[in-house]
Amino acid sequence: MQWASWSAFFNMGGYALYVWVSFGLTLLCVVWEVLALRKRSAQALRLSRLLAQE
Amino acid sequence: MNEAWIIVLKRDLLLAFRRRSDVATTLFFFLIVSSLFPLGIGPEAAVLSSIAPGVLWVAALLAGMISLTRLFAADFADGSLEQMLIAPQPLALLVLAKILAHWIVCGLPVVLLAPLIGLQYALPNESLLVLVWSLLLGTPALSLIGAIGAALTLGVRGSGLLVALLVLPLYIPVLIFGAGAVAASQHGMSAQAHLSLLAACSILALVLAPLATAAALRISVE
Amino acid sequence: MNEAWIIVLKRDLLLAFRRRSDVATTLFFFLIVSSLFPLGIGPEAAVLSSIAPGVLWVAALLAGMISLTRLFAADFADGSLEQMLIAPQPLALLVLAKILAHWIVCGLPVVLLAPLIGLQYALPNESLLVLVWSLLLGTPALSLIGAIGAALTLGVRGSGLLVALLVLPLYIPVLIFGAGAVAASQHGMSAQAHLSLLAACSILALVLAPLATAAALRISVE
Amino acid sequence: MLTAQGLACLRGDRLLFKNVAFELSAGGLMYVLGENGSGKSSLLRLLCGLLTPEEGAVFWNGQAIGQDAELYQTDLTYIGHLNGLKDDLTALENLQFGARLAGNVVDNVAALKALTAIGVARCANLPVGVLSQGQKRRVALARLWLTRSKLWILDEPFAALDTASVEVLAAQLSAHMVNGGMTIITTHQDVAIQAQSTQTLRLSA
Amino acid sequence: MLTAQGLACLRGDRLLFKNVAFELSAGGLMYVLGENGSGKSSLLRLLCGLLTPEEGAVFWNGQAIGQDAELYQTDLTYIGHLNGLKDDLTALENLQFGARLAGNVVDNVAALKALTAIGVARCANLPVGVLSQGQKRRVALARLWLTRSKLWILDEPFAALDTASVEVLAAQLSAHMVNGGMTIITTHQDVAIQAQSTQTLRLSA
Amino acid sequence: MKINWFKYSSPQTFYPLAGKMIPWFAWLATILAIAGLYISFVIAPTDFQQGEAYRIIFVHVPAAWMSMVIYIVMAAWAGLGLALNARLSAMMAQALAPTGAIFTLLALVTGSLWGKPMWGAWWVWDARLTSELILLFLYLGFIALQSSIDDPRRADRAGALLALVGVVNVPIIYFSVKWWNTLHQGSSINMGAAPKMAATMLLGMLLMALAFWMYTVAVGLMRVRCIMLERERSADWVKALSLGAK
């Protein structure tokens, strides 16, 4: 175990900003991509439903 | 709002945004061009930051100019230009709307991205600010002057050569003042004088260019 | 001599001659870009000559590219391209002729003008020679690679900037070797290796680019 | 009323025509006929103010057209050889922008009705670039269903149209003249158009 | 002999036509008719090899046209909606370059003769950009007097032509068929052309 | 007449198949990522030179690796599509490009975030950094080209051609950039100077890279499904599907 406490963990030896922004950004990209794709798929389905009902 | 110039502005913006990638393309172009210089010159930060004002200004000029040369060409070829000429509105106003649209699509994004690239070139913070100001004041002049050239080189007349030689040199003062402003701030001097001159260029261009462009268009379409 | 590719070459050269303004614009652009830096940076010969290879090469590259964006556009719009596609001759050969014409009109003048500008940058004589050689060996590759981009973006809106986005990254090796050759000679080293690499780039491009361009044209005209 | 007096047109070093004079009053239709290159399009552009005559002048309601250009241009609809359409905009958008630029207030419904009238409603939301030659022409001509201007100047409106559309267009032109409008038209085809008065101007090369 | 089998053409998400099949033999003339946007131009481009069919294939003398493209293209002359002329070159230069590109050996005299035949000799040394719509079209069509290829594919060649030129062109087409040539043509006008055999392909939108 | 089975029936049959595969890859990615994160934050020891900042390596390096792998895979799909005229392959290429661009961007940003504390600068013109930047441009060019062509068939083929040209050029670019940097005065810090990596670090990076890879597959499949829906909008199977989906 590397960490004396949670705050030490979050502090990352003084590099918190850099480390957490890196990981956070990665997570953000992943989440955003998945959500955007869900939305895109739903939109495509809605559109072809409109076409089908025409 | 059904004024003709707003119609023209809207149409041109719509044309640009029809492909959302268009605006992005301007930005990436700017980014790529400014990455070319380090590749040619080498990675030393000191040298890079000394050429940064020139590089950024040339990149901005290019990003605007590549699309500008064709500002009226498409309208001319497909006949929209004729329709603008016989619209019941002053032509200079319509021309101004077209230039404005061009600047919004090609000039503004460059102004906003410039500081980021300035960082890559190791520009100090206050120079970054001056850079943005100089681009904001100077790029409208580039668009306006370029429009005259674009109008004059329309059509089949062979006079284009002379015209190109007349219009292009008008860019030089803008470039010199623009790059000069940033360079001055790098050397710890005030950029005020340069910026005022830039603004003066833009205002002069704003007054004269639409009229000159409109006249040039009438000649080209005859 | 009635081979189709010679016809195409002749026609494009004649067209360029009729529209001299386009050629002048390219050269003028090269001049502006390369004269801007001395104005912005100041007259110290040492600094200037250290950035000279990069600046001159980037300027040459951009000047070529500006004109390149329209390599096939006019032919596409007026229907000549269709006729080339159904001519009883390998399309790649016709494409090569068009590229050759473009290089003669836009590349060669830059090569010839470059030493003059090199003087402004206080380049020593042997470097001037290397500069000319490097441009002579490298600019064909630029025209060849650029043609692929021009063909791919045919008929696409905002194609000017898009071509740049596609093509500039592919230009980078040529830029590096070209500027590297001049820089090496400045530092008293032999530029031989760089020049060979440049030539290799050009030969590779010569073999692949016409085929890729022909394929791209067929795709674009569909 | 449109009056032309002693018009002459010089292109390059060729005098295309001279001493062309006519008067067109409300409800009148004028055919401009002649071979290819006889100067029909040039005359039409001259009447629009896009070209300046070498000699002579054009008057709208007694006033030279250059004098109050905006007034004249409000009353004028010109459709030339070129369609004036943007390949990247849809037919509907093109029509709306075109009509608004000419000073007509046009909403979606009206524009769609115009496209329906000339039979290209199905293409309303397609970018004009993908349309066929004749469909493009029809989108350009749809403006005639939206404009309220008195004077229509049309340069070969029937070229590239299929027979059905030719009839639709002819009917619309006839209706315009019945309502007191004026039309100047060039064509190489024989198409029947009704008008309160019809005249023919023949240019010879 | 040109044979088409089961051709289908998809543009965007619209199926323009399918199962188009025909056979055209020496001396044969084929009209492709249909409304605006029914796919006539697309069919012609497909026959030239400019478009790839979604289904089916085109054969020239029993061989798929893609197989030995150069052979087929030597036998082919295609004139589409676009004239393929450069505005900055003169009519004469344009004609010469165009014909030579297609593999015909053409000197000044022959080219001038072709321009004379279709009545634009006077414009021979003018840049094409200043010519009238019909004159441009005629310069493009003048290639038909120079080519020796068997198969002509013409997309609305009569559009924008005056009546005199329409007759001249019709006569030239008739002569081509008499000599055993083949022609595929689209048009919205009624023009009489003689041929050893005539067939009509009607596309419906 | 021969019917190209691959060309016509593929999207229809592939759509549900992809739907079944996505959850598997998603779960794999999650599990691998959790394991990787556990190693990177809990097990891996502090670096005595760089302190905790080095932990960025666990996203930075996998992202950089993936950015390169995806480009190759994308070009392979594109080439296959061009050679066989297979629409599915072209769609796969199109589906991978945005994910590749995102990983490239992540490698650049995390690299910068690492560079600031280590080198004191957000950016240096180092060979590896520069070639990664160029890779980003290549991705963006591909995406921009495809998105500015309306006709999907043409977009596919144009994009494929560009991707193939890019593949020929990537090695040339890579070596030229490397050489460029060594010829000029090198940047003062060398990334390779990181200490010999302990086995745990390597394991962590590997796990994270695998997680990214599985994620890429899942997201690629999701995107390819969207593309199919959009392209075949008026096809019967899509209509039936959309009605069934309520």
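Letters are used for the chains, namely A, B, C, D, E and F, taken in the order the chains are written, and counting of residues starts over at 1 for each.
As a working rule, a contact is a pair of C-beta atoms (placed from the backbone, for glycine too) under 8 Å apart; a residue touches a chain by one contact, two chains touch by 3 or more.
Note that the coordinates shown come from a computational prediction; the quantities given were computed from them, not determined experimentally.
Common neighbours of chain B and chain E under the contact definition above: C, D, F.
Chain pair with the larger contact count among E-F and C-E is C-E, by C-beta pairs in contact.
The greatest centre-to-centre gap from chain E, using C-alpha centroids, is found for A.
Between chain A and chain F the centroid-to-centroid distance comes to 16 Å (mean Cα coordinates, whole Å).
Centre-to-centre separation between chain C and chain D, using Cα means, comes to 45 Å.
Centroid to centroid, with C-alpha atoms defining each point, chain A and chain E lie 58 Å apart. Averaging C-alpha coordinates per chain places the centre of chain A 38 Å away from that of chain B.
Across the assembly, chain E contributes residues 12, 81, 87-88, 127, 130 that each touch 2 or more other chains. Across the assembly, chain C contributes 18-19, 77, 157-158, 162, 165, 168-169, 172, 176, 183, 222 as residues in contact with two or more other chains. Within the complex formed with chain C, the residues of chain E that make contact are 48-52, 70-71, 73-74, 76, 78, 80-89, 93, 97-98, 100-103, 105, 127. Contacts from chain D toward chain E in the complex involve residues 11-12, 34-41, 81, 120, 123, 126, 130-135, 137-138, 156, 159-166, 188-189.
Per the touch definition, chain F reaches chain C in the complex via residues 134, 137-138, 140-141, 144-145, 148-149, 151, 153-154, 157-158, 161-162, 164-166, 168-169, 172-173, 176-177, 179-180, 183-184. Interface of chain A with chain F (complex): residues 1-3, 9, 12-15, 18-19, 21-23, 25-26, 29-30, 33-34, 37-38, 40-41, 44-49, 51-53. Taken together, the chain F residues at the contact with chain A in this complex read 41-46, 51-53, 55-56, 59-60, 63, 98-99, 102, 105-106, 109-110, 113-114, 116-117, 215, 219, 222-223, 225-226, 229-230, 233-234, 238-243, 245.
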